[in-house]
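Consider the two complexes below, in which subunit A is the common component and subunit B and subunit C are the respective partners.
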Partner chain A sequence: MYDVIVIGGGPAGASAAIYLQRFRLKVLMIMKDLGTLGKTNHIDNYWAFENTVSGQHLVEQGVAQAERLGVTVVEEEVIGIENFEDYVVKTTKNEYQGKTVLIATGQAKPNIKVKGFKEYIGRGVSFCAICDGFIYRNKKIGVIGNAEFMLEELEVLRNFTKDITVFTNGLGLPLHIEEEITEKLVTEPLCEIQGDEVVKKVVTEENEYEVDGLFIAIGTPSSNDFALRIGAFTENNYIVVDENHMTNVPGLFAAGDCIGGLLQVVKAASDGAHAAIAINKYLKTLKTV
Partner chain B sequence: MYDVIVIGGGPAGASAAIYLQRFRLKVLMIMKDLGTLGKTNHIDNYWAFENTVSGQHLVEQGVAQAERLGVTVVEEEVIGIENFEDYVVKTTKNEYQGKTVLIATGQAKPNIKVKGFKEYIGRGVSFCAICDGFIYRNKKIGVIGNAEFMLEELEVLRNFTKDITVFTNGLGLPLHIEEEITEKLVTEPLCEIQGDEVVKKVVTEENEYEVDGLFIAIGTPSSNDFALRIGAFTENNYIVVDENHMTNVPGLFAAGDCIGGLLQVVKAASDGAHAAIAINKYLKTLKTV
Partner chain C sequence: MSVKVTTETFKKEVLESEVPVIVDFWAQWCRPCLMLAPVLEEIAQDLAGTVKVAKVNVDEEGYLANQFRVSSIPTVYLFENGQVKTQVVGLMRKDDLLKRLGLK
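Showing the complex of A and B:
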């Protein structure tokens, strides 16, 4: 049983893990890979690095720093969080138990470069079938995605309507995914999302498709998806936390880009420190009960 | 004329200067020395440094980073800030003009290791003659200090009462300072500050001295002293800022330990980034007027 399971190994996650470990807590940090920051080549504005550094260098240093201080680090992909008496974090390989969980998985909002996409977020464009599917019962729904996560969302949406179109936005569709789709399937790249007050249609080079709602289910589940599934509030696709970085679910904390604010490395690292201090205090209240 | 004059070269100041410079602003950073952090040997919890680093290393890297990006850095001691149409920052050597000023001079609260000191802060122990002197008119006042700044505070306090005792707390008193003191002078080290609800007396090894108020004027003027002198609000000896890191004085910003909150390197660096973004926005509003 860990005191804290930190999901994410970037500036927020590793910074938190470092502080938590120094409080002599039992800390597990789960990271899928080096994350978005790991793909960034030039960082000039993180204080105390004279020369330009790569995001990969920073993330690797942070992980090594956490490990040196005693944090257990595993490279696994988290596929679910459950909250009974304690937390159970499921990865593709293992299950881990923790008294608290810190979500620090970075910017949660997947971005697709299609005209009209940003404009219609919250006005027909949704990131969560469980949250918004009900709004579109018996209506025309589009789902954008090409992998397992899209199938999960599709499964949820089938409860609400039969009129569903799956858009791969030009991405390849693995055979085992394609076999699961009984709906209309559009594999052309999207050109534009159109509407008036709300989304009305999806335009490709060759066609137009009427939709009332459009669900984005690209890639793997985001931090938000996990948060939402165990009842944490989100707003504008960011996880909502209080001044102690705790969500509305007791013991579930979040830090870094996934809670919004300034989307900068130094702010995420600072978030991690703040969250760690709050988690340490929270764990002490558990002991006295 | 600088767009921004940053006072302080630690994590908050240098981080802000780095961001400001990248906004293509004209930035001057004034630092007296490597500051409190520069005297710290072991930093383990600033994200992305695998091994323990010294505070000196971090501060020097941050300054070099700021200089590499184009920030003008001078090592001078600031002795005053004035606010007319623009800001004038006076150092022991020069005067600089700026459209805005960022105070990032670190923890403002001087600390003396005397029993009872912390207990009576705000209950008779004060850090600002201009702020609190009036409370003690015609009462017994003690002033702790041994240098120019103590004389400045003494000068202010003489307006309120004649019953003043100067305590050097065992520190050496330069002759040119001693010559200016016409008050009672106690050079023994202090043992304890005593009282009930409020301060009542200062105890040394050999004697006890009754006081109604005790002013701390050790070392050089702190960030707070500057802030107060141009009308910025402070609370519990921290500079009060809004969500944009601006004080109540337009164009005067503050970041890092001097505004309180978590007194950690990463938080100060994050403050700097936030303040820089706010200053950049503020400067744009000036242009449109």
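Showing the complex of A and C:
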């Protein structure tokens, strides 16, 4: 059991992990890769670097620093957070238990750009199989996705119907994912989502597919996907937190670009420190078992 | 306090209500629904006497969920004089919900 599970290894996540470790807490930091910052080549406005520095360098140094100070770091992709008495963070490889969770996964990715998509959100287009799957008992369900996150949603939806079609929307489908799909598979890009009051069909360049519900689980889950499933408030795709960086779900914190504001390294690092201090205080309020 | 509404009581509690009724379609397994519950209780208290808050468990009341074409939960409707006035889908904060329902 970890005191804190930090999801994300960028400036917010690693800063938080470093502070938390120095409070002598048991900290696990889970990172999928070097994130958005890792793809940024030139940073000229971050304090104390005379010359241009790459985002990759900053992230790698931050992770190395966290590890040197005793933080356990794993490179895995988180596909779900569950909250009962404690938190369970599920990755593609493992499950970890923690008393608190800090989401620091960066800015949520934008939604797909397919005609009709926005119009049908809440009218057949859903982002949460566990919330809405039952509504489509024995009906025709479509799932859009191409990775482990989609498989996770697919597994939930299989409880409700046998009539499922997986749409990759033209995205690459790794072989190990394809092997897990026993349902109809459509790999062409989507052109339009059509219906009347509710979704009726998915149109691709070559075909039309009847669906009653369409679940979105593309690529890896974003911060707002985690927030949605666990019942944390979001606004404009950002997680809503209080002055202590805590969401409306007790013990669930968020920091960095996923909560909005200034999307800069310096602010993310500051968020991480603030969140760490708040988490340390919060943990002291929990009853020791 | 919110009132639990069933297919049998829907007409009396919602359609024939003298005050506007916020109807929350929810289920026990839906985390966003559970987190919306305290928001709705707060609204029920704040607006007591002027707006009623009713809850429909979609697991038990499939007929009502179908009738109102609920396809994502939580879905919140505002009924006035027996008619749907607004519909809001998803978890949100109290102020946002009241604004989107047209109550603020």
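Here, the second predicted complex is superposed on the first by the 177 of 289 C-alpha atoms of A that agree within 3 Å, B and C clash if a C-alpha of one lies under 4 Å from a C-alpha of the other, contacts with A are read in each partner's own complex, and residues count from 1 in each chain.
Everything that follows uses one rule, which is that a contact is a pair of C-beta atoms (placed from the backbone, for glycine too) under 8 Å apart; a residue touches a chain by one contact, two chains touch by 3 or more.
For clarity, every value in this text was computed on a predicted model and none was experimentally measured.
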Note to self: A:L37 in the overlay: touching subunit B, subunit C, both, or neither? Say first, second, both or neither.
What the structure shows: neither
Margin query: Quick check for you: in the superposed arrangement, does A:F49 touch first (subunit B), second (subunit C), both or neither?
Written below: first
Check: A:V143 contacts which: subunit B (first), subunit C (second), both, neither?
Finding: neither
Item checked: Partner, of subunit C and subunit B, that touches more residues belonging to subunit A -> B
Margin query: Going by the contact rule set out at the top, does A:A217 touch subunit B (first), subunit C (second), both, or neither?
Written below: neither
Margin query: Taking the superposition on A as described, I'd like to know which of subunit B and subunit C A:I130 touches: first, second, both or neither.
Written below: second
Next item on the list: In the overlay, answer first, second, both or neither for which of subunit B and subunit C A:I230 touches.
Entry: second
Check: Intersection of subunit A residues contacting subunit B with those contacting subunit C?
Finding: none
Notebook entry, point to check: How about subunit B: which of its residues touch subunit A in the complex?
Noted result: 11, 14-15, 18-19, 22, 44-51, 58-59, 61-62, 64-65, 68-69, 262, 264, 266-267, 269-274, 277
Notebook entry, point to check: In their shared complex, at which residues does subunit A touch subunit C?
Noted result: 83, 121-124, 126, 128, 130-132, 134-135, 197-199, 213, 228-235, 240, 248-249
Check: Which part of subunit C faces subunit A closely enough to touch in the complex?
Finding: 27, 29-36, 58-59, 65, 69-73, 75, 89-93, 96
